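Think of it as A, B, C and D in the order they're written, each chain with its own count starting at 1.
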Amino acid sequence: MAGNSFGKIFKLSTFGESHGVAIGGIIDGCPSGLKLNLEAIQNELDRRKPGQSKIVTQRKEPDIVEFYSGVFEGVTTGTPIGFVIKNTNQKSKDYSHIKDVYRPSHADYTYDKKYGVRDYRGGGRSSARETACRVVAGAIAKQLIHKVEIRAFTSSVGDIFVEQPYQNLDLNAIENNAIRCPDEAIAKKMISKIEAIKKEGDTIGGTITCVIKNVPAGLGEPVFDKLHAELGKAMLSINAVKGFEYGSGFCGSRMKGSAHNDKFNKDGSTQTNLSGGVQGGISNGMDIYFRVAFKPVATTLQKQETINSKGETVQMQGKGRHDPCVVPRAVPIVEAMAALVLADYFLLDKITRL
Amino acid sequence: MAGNSFGKIFKLSTFGESHGVAIGGIIDGCPSGLKLNLEAIQNELDRRKPGQSKIVTQRKEPDIVEFYSGVFEGVTTGTPIGFVIKNTNQKSKDYSHIKDVYRPSHADYTYDKKYGVRDYRGGGRSSARETACRVVAGAIAKQLIHKVEIRAFTSSVGDIFVEQPYQNLDLNAIENNAIRCPDEAIAKKMISKIEAIKKEGDTIGGTITCVIKNVPAGLGEPVFDKLHAELGKAMLSINAVKGFEYGSGFCGSRMKGSAHNDKFNKDGSTQTNLSGGVQGGISNGMDIYFRVAFKPVATTLQKQETINSKGETVQMQGKGRHDPCVVPRAVPIVEAMAALVLADYFLLDKITRL
Amino acid sequence: MAGNSFGKIFKLSTFGESHGVAIGGIIDGCPSGLKLNLEAIQNELDRRKPGQSKIVTQRKEPDIVEFYSGVFEGVTTGTPIGFVIKNTNQKSKDYSHIKDVYRPSHADYTYDKKYGVRDYRGGGRSSARETACRVVAGAIAKQLIHKVEIRAFTSSVGDIFVEQPYQNLDLNAIENNAIRCPDEAIAKKMISKIEAIKKEGDTIGGTITCVIKNVPAGLGEPVFDKLHAELGKAMLSINAVKGFEYGSGFCGSRMKGSAHNDKFNKDGSTQTNLSGGVQGGISNGMDIYFRVAFKPVATTLQKQETINSKGETVQMQGKGRHDPCVVPRAVPIVEAMAALVLADYFLLDKITRL
Amino acid sequence: MAGNSFGKIFKLSTFGESHGVAIGGIIDGCPSGLKLNLEAIQNELDRRKPGQSKIVTQRKEPDIVEFYSGVFEGVTTGTPIGFVIKNTNQKSKDYSHIKDVYRPSHADYTYDKKYGVRDYRGGGRSSARETACRVVAGAIAKQLIHKVEIRAFTSSVGDIFVEQPYQNLDLNAIENNAIRCPDEAIAKKMISKIEAIKKEGDTIGGTITCVIKNVPAGLGEPVFDKLHAELGKAMLSINAVKGFEYGSGFCGSRMKGSAHNDKFNKDGSTQTNLSGGVQGGISNGMDIYFRVAFKPVATTLQKQETINSKGETVQMQGKGRHDPCVVPRAVPIVEAMAALVLADYFLLDKITRL
C-alpha cells in the first residue's frame, strides 16, 4: 500500500534512508533450490556504486550487501531473503544547510507536504541510494531467470545519441567504458560532454535503452498488468525518470498500420519487431526493447535561489558529491528492475494453464 | 495476480470478452455516502462508444451500464459496486474467418501461447471493448474527486501535431470536434487525415495529452508507487499504447539541470513546471500533465499475408468495422484511467499522517 | 482492501445485496484449460438454496447462476469468470418494518456505525445470501482440485452431538437426510430438535465438521498464511460462525506433549493425527479436519424489545421466512470455502520450488 | 504471496531463521508523526524473551531490537520502519543430531516436502523465534492505537482453568506472576503443574484469553475480512495454536437464539455481550474477547522413536532448552497480533466514508 514493495510473487520490499543506519530489504517468494552466486550480486552493486569512475559522484561507499536469512549452504530455502547494506559514509553534516530548505526539483517540498515530517539528511527516503536494494534483488532475479539476457546501455547524453539500431551494436562492449555505451565513438563524445558539464557545475540528462533476449512467448497478463505496463511502471519508479517507450514507441504514433504491423514468419517469429516483443501485453518471443528518459540531476553546484519551509527566499549552493549525469550508474538499475518484472512474470506463467 | 484488477483502495476488477454475454466489473473500496450522478457515467460511456462520428468505427453498440449493487437510493453504500454492460451487437460471424489465424500485431498469437485456448471472437479479452468498464469506474472516480479537473485531448495524429503549449488552448473546446482536439485548425487537419487514411483501408497512430488540475500537493507514494509511475502503468495498460512521458519527458533528457530545475515561488508553487506536477513521485500542487503514444490500429482493411495456428501461410483481409485511428475514442479512456489513479491516491492520502 | 475478495491466485471477488438486482462475482486466476461441469456447479447451489427441506427457510429462490465470461466452448480460458445470480424473490416489503430498527445481534447497528448509510432490505450486504457466490466459486475450485475430497457434515445441533470419530462414519451418507449428518440416528434427533425449536419461533446453533482427504504433503505457507490459519479465516468469514478448531483443537490444549505428538510411520504418514493434517502450517498428507461453531440465527419469530436509530425503544417481531438453524444449509458453504483455500494453495505450490 | 507479510495498510513483513545471522522485518504503512516509545517496545520483547522465569526455556537471548529506518528524531516519518534482532546465542550444534531427522509433530517433514531443502538448525523459519518480530510490530501498533486496551492472559494450563468471567478479574494483575494469570490462586496451581510436567521431561498445552477494550463501533470489513475472521487468522498463525473462538464461541453453538441475542441499551451498547464485541464482522463498541488454544510443545525431553529423511527408524531425545508450556511467553504474542489487526482496521476506517 505504502509503495515500498514491488512484484506479485517474486516480491521485493525495501526500507532505508540515505543517512540512517542502513538500507535493506526482504525478497519474498524466491523459489527454493536456487544456488546463489553471491559474488555476482556484489558485482552488480559495484556497477551502481559511487566513485567507480571520473564521471560519477566521488563519494566512497563500499555498499557491501549482507544476507541475514533465506539462504542456507549457498542455496535459497524458499523463505524470505533478508539483506542489509550499511550506510558507512553518511557525512550527515553535508546536509545540515538544507534542513529547512526546499531544493528546486527535489522531493523536499513534496515529502513535507505529504508526511509533515522528513528526514532531510541527503534526501532521506527519496535519495537514489534506495536503488541499491533494487540492484541486489534484481541480481537474484537475474540468476532465477538465467536464460534471459538483459542488457541496458546509455543511448543518449544530452544531444549526443547512439544513432545505430541496437542490433548493430556489440552489447558485450557496454562495460568497456565509463558511460556504458557500446558505440565506442559515441561513448567518447558522451564522456567529454559530461566532463564539460561537470566543470560548469551543471548536470545533464540522458536516455537508457534496454534489450531483453530469450524471453519465451506467453509472459504477461492481459489487461491491467500488461508486460510492458509493468516494465513501464518499474522504470518510471526509478529516480529522475521522465518517460518510457517500448518497441516503436512515440515514433510508432506517427506511422500507418500497414507499415507498423509485424509480419509473421512461419515459426511465429516476426519479420520486423515494431511491437517490441510484446503484443496485447504478452511476450511474443522476439526481443523486448524499450527506452527510458532521465532528467538532469537536480543538484547542481551552481548558486540557486530557493525557499525554505517558512516561505522565505534563501540562497543555496549544492555541496556534497553529486553525479553530473545519472545515466551511467542507472544502467544496472534499469537492468535490475527489468529482471524483477521478468522473474515475476516467469513465476506467474507457472500458474496460467492447467 | 492475473491482472484484471486496478487500484489499491479504490479498486476496479473487470471481466468480459468482446463477444461473450456481457462485460462488467466490480468497484470495491468506493467510500460510502457519495451521491452518484448516473447520467454523467453514461455520458462518459457515450464518449467512448462506437458509431459516434464518421471517423470512428461504425459499429452500433449502445453500451448501457446497469448497476447491480453498492448504490442505494442514489448513494454509494460502501459495499462493492457491481455493474454489467451487455454485449448486444456481437456479430460473431464476422470473426469466424480468423478462428485459426494469427492477425499481425494483434494478441492472437500471444494469447494462444499463454493460455493454450482462446476465445477468438473479436479479440475476446484482448479487445479494446474491455476499456468500457474502465470508463464506468473512472466516471465514478471523477465524482469522488470532483474538485480535480482531468482533461485529455488529441495532441497528434500521424505527423499532425498541436504545436501550442496546453496553457494556450481552451480545454473546454475539446468536445467541439470529432477528433477531440481543442485547436480547431489542427483538428480539421487531423480529421481530413483520418478520412484519407480510412479511404486507403489503412490506419494511423497518434498521441493524447492529459492535463490534471487542482491536485493538492502530497499525493503519491515515494518509492515503487510514485504517482507518475502509476499513471504511466495505467496508460500503458490501455490497448495500443507504446509510450508515456510526463512533464519535460523525453525532451527533458536533453536538458541541463540549470535549465530544467523549477524555481520556487514563495507560496511553494513553481515558476516553470518541467516537473509536470510531480517531484519524487509525489504531487507538488502544480498541473500534472503527460503524453501517451498510440500505435496505429493493427486491423487494416487491406489484404495481408499471415500464418495460422498450424504455421501455414494464409491470406487475410480485415472485415468488420474498425477504427481508422484509435485516438479520439481513447480520450475518455485516458481520463478514466487518470481518475482511477488519482482517486486511489486521494484515499491513500487519508492514512499517511497520524 | 474492502474485504470483498478472497484468495491470492485463485481469487473470488463478490458483490451484491440480498434485495438488490443481483449478486455475483468474478473469479480471477482460474487456470485455462479446465473443462467445467456447469451442472455440478448448479448442484452445489441447490444444496445451499432455501426451501429445499422442511427444516430450512421456506423462501423460494431458484438461485440460477449465469456465466458471462471466462468460459468458451465449455473450457476456462484463463480470463476472469464473471457470474451473476439474479435476485428474483426479494419481497422487500417484508423488511420495511425494520428500516430504522436495529435488530439484536444482527449487523444493522454496526453497518450504520461503519458506513453512515445502509441498504436495510433483508440485511443488504450482511445477508447470508452473499454466500451463494462463494458456493459458485467453491464448486469451480472443487473441479480444479478434483483429486481432493472435501466432505462437511453437521456434527451437532444444540446439545445433540455426533459422538463417533469421523473415521467411523460413512461420509457418502451425508446427503441422505435434511440435516446433512451421516449418523442416521443422530440426524433424526437433530431434525426433531429443529422442528421443535421452529415451533417455538426460536432458533438453535450447531457445529459442522469438515474432512479433507487426498491433500498432498507440502501445501501451505509457513508464517502468517499457515494453511490452517487461512482455513480458519475462511470459516470465520461465514455468517454466524463463532469458533474454529482443527486437529486436536481446544481438547489438545489439555494434553501433554508425550500424548499429543503424532508418531511417524516409515512412509511419512503418522500413526495418530492430532495434528489434523497440518504441521507448521503446511499439509503433511494426512486427513485435514476441522470443526466450525455456528451461533443460533439471530432472527427469531418471538417478540423482542430493541432500539431504533434514534435510540428509542421499539417492539419488533421477526417476519419473513428464516432458518431455525443455519447449519444444514451451511454445509456446502463450509465445503466451498475449504475448496477455495485449497485451490489457492494448490496453485501457490507450483511456484514454491525451482 | 509467500505468507511472510501481515496486514493491509499497517503491514509487517518478516524474515529470519532461528539460527541465521538475524531475524527482522519491515513495517510499512505506519503513519508519519507517531512519537515512538522505544523502551516500551523493548519491554514487550522482554515479556516474550526466553529465560525470564523458571517455567520457561532457560536459553539466554537478549533479543535487542535495532531500528534501521523510518524513525527520525524519535518520530515515525511515514517511510518503512526496518528493524533487526540479531541471533546471538544460536548454539547450532544443539541441532546437528536432527539434521536428517523428522521430529514428530514439528514442521521438519512438511518443510522438506514443501521446499525440498531446509535450514534444519532449530526449526529455521518454523521456529517460534520468528514471533519476536511480531512483538516489535505489535508494540508499535499498540502505540498507534493507544486508546485501545489489549489484555491477554493465561486462562488454562492443561485441566486447570480460570473459572471466573474476565469481568471479575483484575487485568492489571496479569504480570504479577510467571504464568501471566490474573487469578492468583489458579496461577499458583498452573505454575505447580508446569513444574511437575517439566520434571517429567514432558510438556503441556493451555489457552489464552484476550480482552480488547475501547474499540470504537464500526471497525471491520463486511464479507471475507470480518474483524473476528482476521483476528482468528492472526491467532491461528501463531505457532502451536489449534483453535480460536470469540464471544460465545463453541458454547454459543449449543444455545437458542432467544437466549443468545444481545439486547440493546438505548445508547447502542448491549446488556449481554455474547457477540464478543463484533456483529456482522464489525465492532459494536463492546469489549472484544476471544480465546486461543495452544497444543503442548512438541519437543519433549523424553526418548522418542521417529524417522529420518530416508524413511529409517531412529531414536531421538530432545536436547536444547525448550519451554515446558508455551502459553506464558505467548501472551505478549497474542496481544501483538491483536494490535496489528486493530491498527490495520483503525487505518482502514479512515477511508470508509466520504
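Simple rule for what comes next: a residue touches a chain if its C-beta (ideal position, glycine included) is under 8 Å from a C-beta of that chain, and two chains touch if they have at least 3 such contacts.
It should be emphasised that the depicted structure is a prediction, and the values quoted were computed from it without experimental measurement.
Asker: Please indicate which chain is farthest from chain A, where distance is taken between mean Cα coordinates of the chains.
Answerer: Most distant chain from chain A: C.
Asker: Of the pairs B-C, A-B or A-C, which one shares over half of its contact pairs with A-D?
Answerer: B-C
Asker: Please tell me whether C-D or B-D has the greater number of C-beta pairs in contact.
Answerer: If we tally the contacting C-beta pairs, C-D comes out ahead.
Asker: Using Cα averages as centroids, what's the distance between chain C and chain D in whole Å?
Answerer: Whole-Å distance between the two chain centres: 26.
Asker: Nearest whole angstrom, what separates the Cα centre of chain B from the Cα centre of chain C?
Answerer: Measuring from centre to centre gives 39 Å for this pair.
Asker: Starting from the mean Cα coordinates of chain B and chain D, work out the distance between those two points in Å.
Answerer: 46
Asker: I need the residues of chain B touching at least two other chains; which ones are they?
Answerer: Touching at least two other chains: 1-2, 4-5, 8-9, 14, 29, 32-33, 78-79, 114-116, 125, 222, 352-353.
Asker: Looking at the complex, which residues from chain D come into contact with chain B?
Answerer: On the chain D side, the touching residues are 1, 9, 29, 31-34, 78-79, 144, 222, 347, 350-354.
Asker: Give every residue of chain C touching chain D within the complex, in rising order.
Answerer: Against chain D, chain C makes touches at 1-6, 8-9, 14, 102, 104-107, 109-111, 113-116, 125-126, 130, 156, 158-159, 197, 200, 202-207, 217-226, 228-230, 232-234, 236-237, 239, 242-250, 252-258, 260-268, 270, 274-276, 278-285, 293-300, 302, 304-307, 311-313, 348-349, 352-353.
Asker: Can you check the complex and tell me which residues of chain C touch chain B?
Answerer: Residues in contact with chain B: 1-2, 4-5, 8-9, 11, 13-17, 20-26, 28-29, 32-33, 66-70, 72, 75-82, 84, 114-119, 124-125.
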